[in-house]
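The next block holds one structure in the form of C-alpha cells; read it before the comments.
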C-alpha cells in the first residue's frame, strides 16, 4: 500500500517541477540579466494591453478576412459564401484599377516631393547657425496640424471663389477648378498632402544629420572641397537608414493618412474626383453597403501594408548592426 | 613639406571669449612641433585654425609661402589625424584612404600606389577591405594616419590622436608616429595634454596656458630651464615641487636651512625642486616623511619641510625612516619670481651643504 | 565650419513661408466676416470680427449641424487627446514592464502578438472594427472612441526599448532593498521614466486629438463630435448654401490646430526626442 502511494506523489512532484522549470525557462535572449520569477504577475501587467489587442485588433482582422469571402444579404438575413468572387470582382473592375493606379501615382509623387523638400530644408537648417532655432520651430510646428485641418485650409486656398491660388493660376492663364476638374483636384490634393508631411521628414532628416559625428564631417571638409561632393559621398550614405525608414512611413502616409484630405474634397460623393484605395474601401463599405467587396479590398490593402512593414523592419534590423 | 608660420595669431569667439592670443611660431620644414598644455589652454583651437576648421580672428598663418587665412580646409594642403579617428563608417579602409586623393583628381594608378605604400608602412594590408567598425582602436588609428600619409601634404596635423587608446598601445603608437614622421620628413603639428608624449615626440615643444604661449623650446631645454612656474610644474613627472623660500644676504634659505650662496637680490622667492634632483643622503635638509609610493625600480617619498610639501625620488634599497635628510644640489635650484612666476636666473656662488653620493 | 551663403537662408525662408503662410492666413481670415472674405479672398491681416466669430463658433448650437456647440466639440477633442495619451501610457508601460522584467515562457510569443499590430493600421480594418464595436454596443461612447485605438504596439515597443536600457543594477539594488515587482515598478521604474512618459504623452495627445477616421465611423450622435468631425460637417452644410461661413470654418480650424501646435512649440525639445526615439 505504502509503496504505491509514494511513487505517484514523487512522480507528480517531478512533473510539477519540470513544468515549472519549462514555464520559467530563460528565453534565448533575456531582456535583462536579472528578472523576476513570478508566474502570474507578468500576466497581470500584460492583461490590459493584450485584451485590447485581442478584442480590437485580432477579432476585427480575422473578421475582415472571413467576411471577404461572403456576400451579405441586403436584408441582413445572413451571408452567402462566395469564395474568391469578391476579390475577382474588385480587382477586375475598371474603377478599382483606376483607383489603384491613382493611389500608386499619388504615393510616388507625394513621397518624392515631401522627402525631397524635407531633406533640402534639413540640410540647410543644419548648416546655418543664426536663426537656426527660429527656422526649426517654424518648420516643425506645422507637424501637429491634422490632415482634415490641412485639407480644410488647403481647399480654401484652392477655392474657386476666394482661393489665392486660383487667382495666381488665373494670372498665368489657367482656370483652376479644384473639385470639378480631375487633374486640378489631383494637383491640389498632392500639394496639401506634401505640405502636411514635410515637417515630419524635416525632423527626422535633421536628427539624422546631427547624428553624423562632427569629426567625420570635419575630415570630409579636409578631403573634399565641394559641398556637393561631401553631401553625396559622406552625408547621404550615412543618412540612408533614416531615408529608408522615412520612405516606408511616407508611403504609408500617402496611402492611408491622407484619407481626411480626400474626404474634405470628395465629401462622400466621388463624382469625377480622384480617390485612394482606402477611401474606396470606406465608400463601398459604409456608403455602398458592400461589406464583402469592401472587406476584400481591405484584405488586399492589408497584404500591401504588411509587406511594406516587414520590409521596413528587416532593413531596420540590419541598420541597428550597422552603426 | 613646407614651413609653417604663425604670426600673432589670435581667436576671439563671438561672445567675447578669448581662446588664443598673440601666438608666434615659426616651424621649419620637417620639424615635429608639439602643442602641449592643460585642458582649455587653446591648443586644439590653434591646431584647428591651422586646419581651417576655425576662423582666424587675428594674425596670419602661412603654409609654405601661401597665406591661408581665407582658404577652405581642402585647399590648404594639410592632412589631419583626429582624436576619434573620424573614419568614414560606410567606406572600406582602402576607400577611406583613397577618398582625399580621389577628390583631388589623382589618377587611379597613383592612388593605388600610394595606398599600397601607406598600408605597407602601417601594416594595414589584411584590413584594406574591411569597414571601420570591424577594426580595433589601434587599427583605426593607423588607418587614420594612412589617410593622412597618402595625401603627401605640406603638413600633418595631429589632434590628440592617442588619447582614446589604452596605455600600452599609446606607448607603442607614439614610437610608430615618431619613426614614421622621421622617415617621411613631413612638417608636423601635434596636440596633446600628456607631457610625457610631448617630451618624447617633439623636436620643439610649445607650452600653452590660457591661450598664450608660455615657452617654446626643445624638450630638454624646457625641462632644464622652465620659463615659469606653470611650465615647471606642467613638464616633468612627478611635478616639480614649488616652495616658498627666501634670499637673505646672498643666501637662499628654505624654512631656516641655507641651501646655497647666490648673488640674487634679497627678498622672497619661489623655489622649484625636481624630485629626481633630490636625494636621501646622510646629511642634508631634514624632511618629515608622510608617505612613500613604491614604483618598483625606485620610490617617491612625499614629505614636508616645515609646513611645505615636496617629493624626493629615491632608488635605494634601505627602509625609509620617519625623518630623512634630503640633499639638494645647488646647481639644480630653480628660482621664480613670487608674483609673476617667471624664471629668475640662479646666480650661484657656492654650496653650503655638500651633496652626498 | 562651412561658409554659409545667403542662398541657404533664402531656401529656409521660402520653406518656412510655404509652411506657415497658410496657417497665418487661416487665423487672420477667421477674424474677418464671411462677406468680406467672399469678395476679397483670404486675408493676411487681422479683422475686427474675431470676438463675434469665435463666440458664435463656440457657443452657438446648430451653427453647423444642429445640436452641438464648438465648445462641446473642443471638449470632446480634449477628452480624446488626453484619454488616449493616458490610456496608451498606462497600457504600454505595464505591458513593456512585464515583457522586460519577468522571466516566463510565453514572453516572446506575447511580444510577437503585440508586435503584429504594427503590420495592419486601423485603416485596413475599418469595416470589421465597426462591426465589432456595434456588437459590443460601444458606438457613440467615449470608451468606443478611445479604447480600440490603444490596440497598437507603438507605445509598448518604445517603453520596452527604454526599459532595456535601464541599468540592471537598479533591479538588483531594489531586490536587496526588499522591493517586489509592484513596488519596484511604482517606486523606481515609473519615476525613472518620467521624461520618456512626458515625451510620449505629447505625441499621443496630438495623435488622439487629430483623430479623424475613427470618430467619423464611431459617432453619429452629435454630442460626441470632435473638432475634426465638426470640420467635415461644416463643409457638408455648404453644399448649396449662399455664402459659406468661411470665417467660422477658419475659426473651427484654428481651434482644432492651436492646442497641438502650441504643445509642439512649447515642448519642442521633448517632443522631438520622443518622436525620433519612438518611431524607430
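Going in written order, the chains are labelled A, B and C, and every chain counts its residues from 1.
We take it that a residue touches a chain if its C-beta (ideal position, glycine included) is under 8 Å from a C-beta of that chain, and two chains touch if they have at least 3 such contacts.
Note that the coordinates shown come from a computational prediction; the quantities given were computed from them, not determined experimentally.
Engineer: Of the pairs A-B and A-C, which shows more C-beta pairs in contact?
Structural biologist: Of A-B and A-C, more C-beta pairs in contact link A-C.
Engineer: Using mean Cα positions as chain centres, tell me which chain lies farthest from chain C.
Structural biologist: Of all the other chains, the one whose centre lies farthest from chain C is B.
Engineer: Any idea how many Å lie between the Cα centroids of chain A and chain B?
Structural biologist: 57
Engineer: Can you give the whole-Å distance between the Cα centres of chain A and chain C?
Structural biologist: Computed from C-alpha means, the inter-chain centre distance equals 16 Å.
Engineer: What are the residue numbers in chain A that touch two or more other chains?
Structural biologist: 221
Engineer: Please output the residue numbers of chain C that touch at least 2 other chains, ranges allowed.
Structural biologist: 1
Engineer: Identify all positions of chain B at which a residue touches two or more other chains, and write them in rising order.
Structural biologist: Only 52-53, 72 qualify.
Engineer: For chain A, which residues count as touching chain B in their complex?
Structural biologist: Result: residues 213, 215-216, 218-226, 229, 233-234, 237-238, 322-323 of chain A touch chain B.
Engineer: Can you name the residues of chain A that touch chain C in the complex?
Structural biologist: The touching residues are 22-27, 30-39, 41-46, 48-50, 52-53, 55-57, 59-64, 67, 117, 120-121, 124-125, 127-129, 131, 135-149, 151-157, 161-164, 167, 195, 198-199, 203-204, 207, 221, 227, 245, 249, 252, 256, 259-260, 263-264, 267-268, 278, 281-282, 285-286, 291, 294-295, 298-299, 301-302, 305-306, 309-310, 316.
Engineer: Spell out the residues on chain C that touch chain A in their complex, using ranges where they run on.
Structural biologist: 1-2, 4, 8-9, 11-12, 15-16, 18-20, 22-23, 25-26, 29, 37-38, 40-42, 90-92, 94-95, 97-105, 107-108, 110, 113-114, 116-121, 123-132, 136, 147-148, 150-152, 156, 160, 163-164, 168, 171-172, 175, 181-182, 185, 206, 209-210, 212-213, 216-217, 228, 231-232, 234-236, 239, 246, 249-250, 253, 256-257, 260-261, 263-265, 268, 272, 275-276, 279-280
Engineer: Which chain B residues qualify as touching chain A in the complex?
Structural biologist: 51-53, 72-75, 78-80, 82-90, 99-100, 103, 133, 147
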